[in-house]
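Listed after this line are the structures, all set down as structure tokens.
In the two complexes that follow, chain A is the common piece, with chain B as its partner first and chain C second.
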Partner chain A sequence: MPPHGYSPSGAVLNEWARGDLAVTGQMQLFGRFLVRLMTTAITLLGVAVIVFVVIRVVPGNPIAMMLPPGATEADIATLTALYGLDKSIFQQFVIWAGGVLQGDFGMSITTRQPVLALVMGRLPATLELSVMALVMAVFLGGAAALGGTLRRGTRTEGAIDVGAGMALSVPDFLWGLVLILIFGVLWPVFHISGRVTPSLDLPFSSNFYLFESLLRFRFDLWADIVSHMFLPALALAIPLAAIIAQLLKQSLKETMHLDYVTLARTKGYSEIHVITREALPNAILPTLTLVGVQFTFLIGGTVIIERLFSYEGLGNMAIDAVINRDLPLIQGIVILFAVIFTGVNLLVDLSYALLNPRLRHG
Partner chain B sequence: MAEGRGQITRRAGLRLWLAGLWLTALVLAALLAPWIAPKDPLAQDLFLGRLPPFWVAGAEPGFLLGTDSLGRDVLSRILYGARIALVVAVVAGSLTCLIGATLGLLAGFLRGWVDTVISRLIEIWMAFPPVLFSILLIAVIGPGLSSIIIAIVVIDWTRFARVVRAEAMAQGAMDYVASAQVAGRRRGSTMWVEILPNVLPTIVVLLTLEMGIAVIVEAILSFVNLSISTDDPTWGGMIAEGRSSIHHAWWVIVFPLITLFLTVLSFSQLGEGLKDRFDPVLR
Partner chain C sequence: MELTRRNVMKMTAAGTALAASGLPLGAQAIDELVIAYNVNLPAWDPTTGPSAVNPTIQGLYQSVFDQFILQQPDLKPAPGLLTEWGWNEDRTKVSMTVREGVTWHDGSPFTAEDVAWSLARAADPATGNPINFVWSTLANFAVDGNTVTADVKQFDPTIFKWMYFLTGYVLPKAYFEKVGAEGFEAAPIGTGPYMVEKFERNAFVRLKANESYWGGAPEFKTVTIKFVTDAAARVAEIESGASHVTLEMPYEEYDRLKGGMNGVAAPISDIGMIFLNDIDVMLDPNVRKAAALAIDKQTIIDRLLSGYGVKIDTLQTPEYDAYDASITVPYDEAGAIAALAASGFGPDNPVKFTIQTTKGFKPKDYEMVQAIVGLWRKVGIEAEIEVYEIAKHYELRAADTLAPAAFYNWGNSVGDPTTSTGFAMFGPSPHSVWDGEDLIGMIGPLWGEADEAKRIAGWKAVDKFIADNALVIPLLQYVQPILSAAGVVVTPHASGALLPHLMKRA
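Entry: the complex of A and B
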């Protein structure tokens, strides 16, 4: 749902739950999964068709833009034919889709490099940012939920509620700007632009800088990368953290009233033990499902957040591609995002089925 | 518990009032901008560039919140920017609501192939990164106020359709709908007369939230420099300008950012407040 606003609807959640509980048994589960795979394929095809048609309506000839002024009509025609832009949209789509199925996403018009290589070069940066944001959201939201449950009925819980409400009301883009002002300008402790300090010598052989710097024990580089990544990741994490805090706290409070929790308390376990060891395992399932779905929204948010923080990821490259009318690159990036979104949703469904005991033993 | 309930409604009431107050002030500012704005929002004067706000040394009288790098008055641009923000909020919000809620109602109540088609469309739409999709659409249809509105409607209708579909489905399973059918009401008429009024509170809440989202989308598109012409005063455009001069002239970004922040917060608090009001458990 982002870039902006996350509001999980109770009705929607209930509907999922009903749909899932209606099916029992391993075979039916497997059949259901096959159906999900099919609909995912249809979704991806739909995305491909829409983006293909939409960007071919873009005014401005990308071929004329890439040639130096003074190019002849013949030059333009040759290059147009080279990129296949002289054929009908349907023919172009068939050729392109055929290439994609073999892993060939075409050539970028502005950089004249294979789209797949460009996109894969940037994907690690976006993945690291998204996962970092997810970890921060789980940590912040989880801490708030546990704290709120521990201090339920007090002013602390009220403050957590108000804070979560505020955090949820304002989208990542605005949090990013606020963070830039506070921690980039007013009290400049973090970098506000880029992925790593440009003057540093990078010994990396992959583009997973954060991960590889740890593997190579280069903690100096790791600290520099984290200092660049911290604010954009936090901006992405704040709304999700609020959702986790609200939903997990609600489930925890409901679980705290159950008999087995009371039993644990009468056995003399400490309140923290009761919450984390007894209540949490039972209360966490709805939150897990929601986090999975919301994670796709968080990934969608990276597009504008990367732009805001000049972070060299996929989203920043996508906006450049749109501005430069780089049709093959736009197609490639949109398809990749769609694959990630539908893939995450598929995993969420699958893990929900595996984690939910009622579905496991049908 | 009774006391807790009173507390919740009181807090919700306060939220509603504060949000309403800010939005009313904004509407007034937008309507009265030509009369209350101290300067022409487009007037440039390079000799008056980057003047600080009135309480900082070096300020010029008449430029209360300072000027940007081209010497344009920040306060006047914020006031005029409210016009664009509110037009986008109201027009884009209402159109999105109309289209999305109608499709959701049809899918949720009629079920069958209508539901299959609409649900598939929603699934495809959800697989697009929304910000990228809107930037792409603006690149295709060209910049301008109407393009922004079109982009918001095209992208955000699923927000209404998903929720309204689920609600309509839940309502459709209830006894009163069955009785209406038994009493001989036609299906189409049942949908509008029986289901819609029961889904309406949800739609109103979603509409309020959508207005805040529309304001943000406009700001994001202005920020990426794809919105309206760069001269026109938009909050997002001002923020983009302020972002580049953030170390020399903080006021260029801070004041439009505060305005945008409070506006988005107000729409969302209004929506949440209305949700509490409509919730029969709390009432």
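Entry: the complex of A and C
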């Protein structure tokens, strides 16, 4: 509001009004952020309760899996008590939740290591794989969309559409097998298992091998790590690249009919300039949202792909944990996945609000 | 170095070439043996937790740790860290002689104290040893020179067999007490043929040869064991030359690849069987006998497993101590029809029950059950297949709530009848779902039978009784396929353990 006893001109009033609107918009954005934080916390609590109860209710308890032949009822009771499974589910949850609030996610039954250390140790591998897959998907999908738009109405566009359709209809694990066959067996140029060659000495202080190798200018290690990650990342990237290609191409085609694009053409700009500099900035927003949402699915997809490529990430560990009914480890991994999912969604929402003026100003 | 685009491109190209140079291993002389293993290694302590009773992991443990008694590839015991062992006359004491001149991987001497401590620790329920019930039959360990003695709290004729079975490992007393369980997990040491150099959980373990191994230094000085749990990926590993040895691939793939490399497919101590739960229609002996007689095991092995399997009619395989070739259950379709008719069943009035099975846990498990259900249908048995996870099987079996029929595999790498027929069929065992008092009465006295000949004869009688009354349906002994590069010769172990120190250069 203008200061009391002051009569500003219309232009200044407009200026204040714009400032007030900006402040109001920022307040609304902050309010929305707080609400999202609260709903995220509630979501995580819900996930924790559901996963805790479900994995204890479904058949297959870890004690039955480690019972030796000849174990007596007393032996079973001893083992059950040893792993804290003799208490009610509610009591177990209260104990576990109390520990979680203090940063203690319990001990893995199979590895006898702290769950938090295990999952945090694996998270970098999965994040690096997912980010690399995302980069590949954006690059491949973006190139296909731009190429299809540039050559719209030609056989090239048709070929890109057919390729995208194929890429989308084949699941990532099947792409993984195809890639193993082609680049692992027939033409062995990439590693098909693991994250790094075992004989290499790693001077890393973190588990972000890919990023740290770059930071340390160890391009020999970087190349080895990329050679291991390339196929699993590509397998994850192919279906996402197809989605990006289809959506971005459709958005670009719609944008290409708008007046300002026509105006740019009449100014004599080249078609590539018109697509990349004029149409793309507007057409990319829906794709950006999609990429954010799909990134969470991409991380989920690592479960099968990491198994297939024996990649030492969270997904591979998750499968072992489920097979062995390692309850504390399952809980830890699911909670971490939930944190990533909700965190990424929160970031996407915020970035979308920041990038979109209509949302920014409420 | 200046970080320019050109420099980065140059170094990336150089790095890629460097990495690529390590890719095809097959054509190079083998300095470092690479094995694509079919399971992960969750933890290093071979005496606690679920890994300790997982038979497929034992090969990894046995590369680093020694068991009290050595088990040879044919399952027979031999002097290992213990060179002599036995009971006194009245079976109230055991005595063990410990090998001298052995060292731990850290160079410290291995002593009789280590043996006594390992046995006492295994008997302590607080350590979480799942086989505690066996080890706790010994107490009051005493060391005199290189001799360890103990009191027998409860006589168990198989106690020395457990010393080369699950959790029967010797761990370093002084080192373990110094570093604790966590320290041991981070840097495990044993007296075994290989030392752990690097371990990445879910990825690989890199081993260095123990040059002072009491059994002779291993031929391959460096061994990397990659954990490749997907069978298709293991095939790709060996086919591409990225690994030199792998195991447990589909038999079709084994047949396809064995021509171009070394292949060995030997029977192992793992069998496929159908548990019959004494509930519902399985209380009718005619139904059980018909179910057993109607299965053409050899055809199933030939058609589904490419012939890789050995037909069995008891829970003993030919390598086991109580194997009796005279006990047979023939494939007899007419006999099955007659047995069912005696109870009023037939193709027009089939007897109905559920059979549970895993799908993909063992080679062609689901397909075998499908074939069996097809054979049963011909004689008048209508079985509905229920697929479950192996974890559910364990839980249902422990709670004695399996379906009337349930497919499962049973491992028994010591070959003693107590750990096959005994635990699988003795009603009070958490692994048995047959609760018949007559069988319990036959098996009960055998647990503590001190006369070995009488004990084995007793188990053979039990197996005969089981076969005659169709209390379980043994199907086949599994064959383990192993493929290795042309330069590597693998000695298979009947326990199913893939042991790098038994591998030689061709």
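The rule is simple: the second predicted complex is superposed on the first by the 302 of 362 C-alpha atoms of A that agree within 3 Å, B and C clash if a C-alpha of one lies under 4 Å from a C-alpha of the other, contacts with A are read in each partner's own complex, and residues count from 1 in each chain.
In this section, contacts are C-beta pairs under 8 Å (C-beta built on N, C-alpha and C of every residue); 3 or more make two chains touch, one makes a residue touch a chain.
Computed from a prediction, not measured in an experiment: that's the story for all the values here.
S.K.: In the overlay, answer first, second, both or neither for which of chain B and chain C A:Gly301 touches.
M.R.: In the superposed model, A:Gly301 contacts chain B only, not chain C.
S.K.: Taking the superposition on A as described, I'd like to know which of chain B and chain C A:Leu174 touches: first, second, both or neither.
M.R.: It touches chain B, and chain C stays clear.
S.K.: Thinking of the overlay built on chain A, is A:Ile55 touched by chain B (first), by chain C (second), by both, or by neither?
M.R.: After superposition on chain A, A:Ile55 lies in contact with chain B alone.
S.K.: Using the touch definition from the top, say if A:Met317 reaches chain B (first), chain C (second), both or neither.
M.R.: second
S.K.: Contact-wise, after the overlay, does A:Ile42 reach chain B, chain C, both or neither (first, second, both, neither)?
M.R.: In the superposed model, A:Ile42 contacts chain B only, not chain C.
S.K.: Applying the touch criterion given at the start, work out whether A:Met256 contacts chain B, chain C, both or neither, answering first, second, both or neither.
M.R.: In the superposed model, A:Met256 contacts neither chain B nor chain C.
S.K.: Per the contact definition in the header, classify A:Ala235: touching chain B only (first), chain C only (second), both, or neither.
M.R.: neither
S.K.: Please indicate which partner A:Ala223 is in contact with in the superposed arrangement: first for chain B, second for chain C, both, or neither.
M.R.: second
S.K.: Of the two partner chains, chain B (first) and chain C (second), which one does A:Ile243 touch, if any: first, second, both, or neither?
M.R.: After superposing on A, A:Ile243 lies clear of both chain B and chain C.
S.K.: Under the contact rule defined above, give the chain A residues that sit at the interface with chain B and also at the interface with chain C.
M.R.: On chain A, the residues that contact chain B in one structure and chain C in the other are 59, 177, 180-181, 184-185, 307-308, 319, 323, 325.
S.K.: In their complex, what parts of chain C are in touch with chain A?
M.R.: 1, 3, 8, 11-12, 14-16, 18-20, 22-24, 32, 36, 40, 42-43, 45, 48-53, 125, 128, 130-134, 166, 181, 185, 198, 200-204, 206, 222, 224, 226-230, 232-233, 236-237, 239-242, 388-392, 394-399, 418-419, 422-424, 428-431
S.K.: Within the complex, which stretch of chain A touches chain B?
M.R.: It is residues 1-5, 7, 9, 11-12, 14-15, 39, 42-44, 46-47, 50-51, 54-55, 57-59, 165-166, 168-171, 173-174, 177-178, 180-181, 184-185, 296, 299-301, 303-304, 307-308, 315, 318-319, 322-323, 325, 330, 333-334, 337-338, 341-342 of chain A that touch chain B.
S.K.: Note which residues of chain A are touching chain C in the complex, please.
M.R.: Touching chain C from chain A are residues 59-62, 64-72, 75-76, 78-79, 82, 108-113, 118, 122, 177, 180-181, 184-185, 188-195, 197-199, 217, 219-224, 226-227, 307-310, 312, 316-317, 319-320, 323-325.
S.K.: Please give the residue numbers of chain B that touch chain A in the complex, ascending.
M.R.: Touch list, chain B to chain A: 120-121, 123-124, 126-133, 135-137, 139-140, 142, 159, 162-163, 166-167, 169-170, 202, 209, 212-213, 216-217, 219-220, 223-224, 239, 243, 246-247, 250, 253-254, 257, 260-261, 264-265, 268-269, 272.
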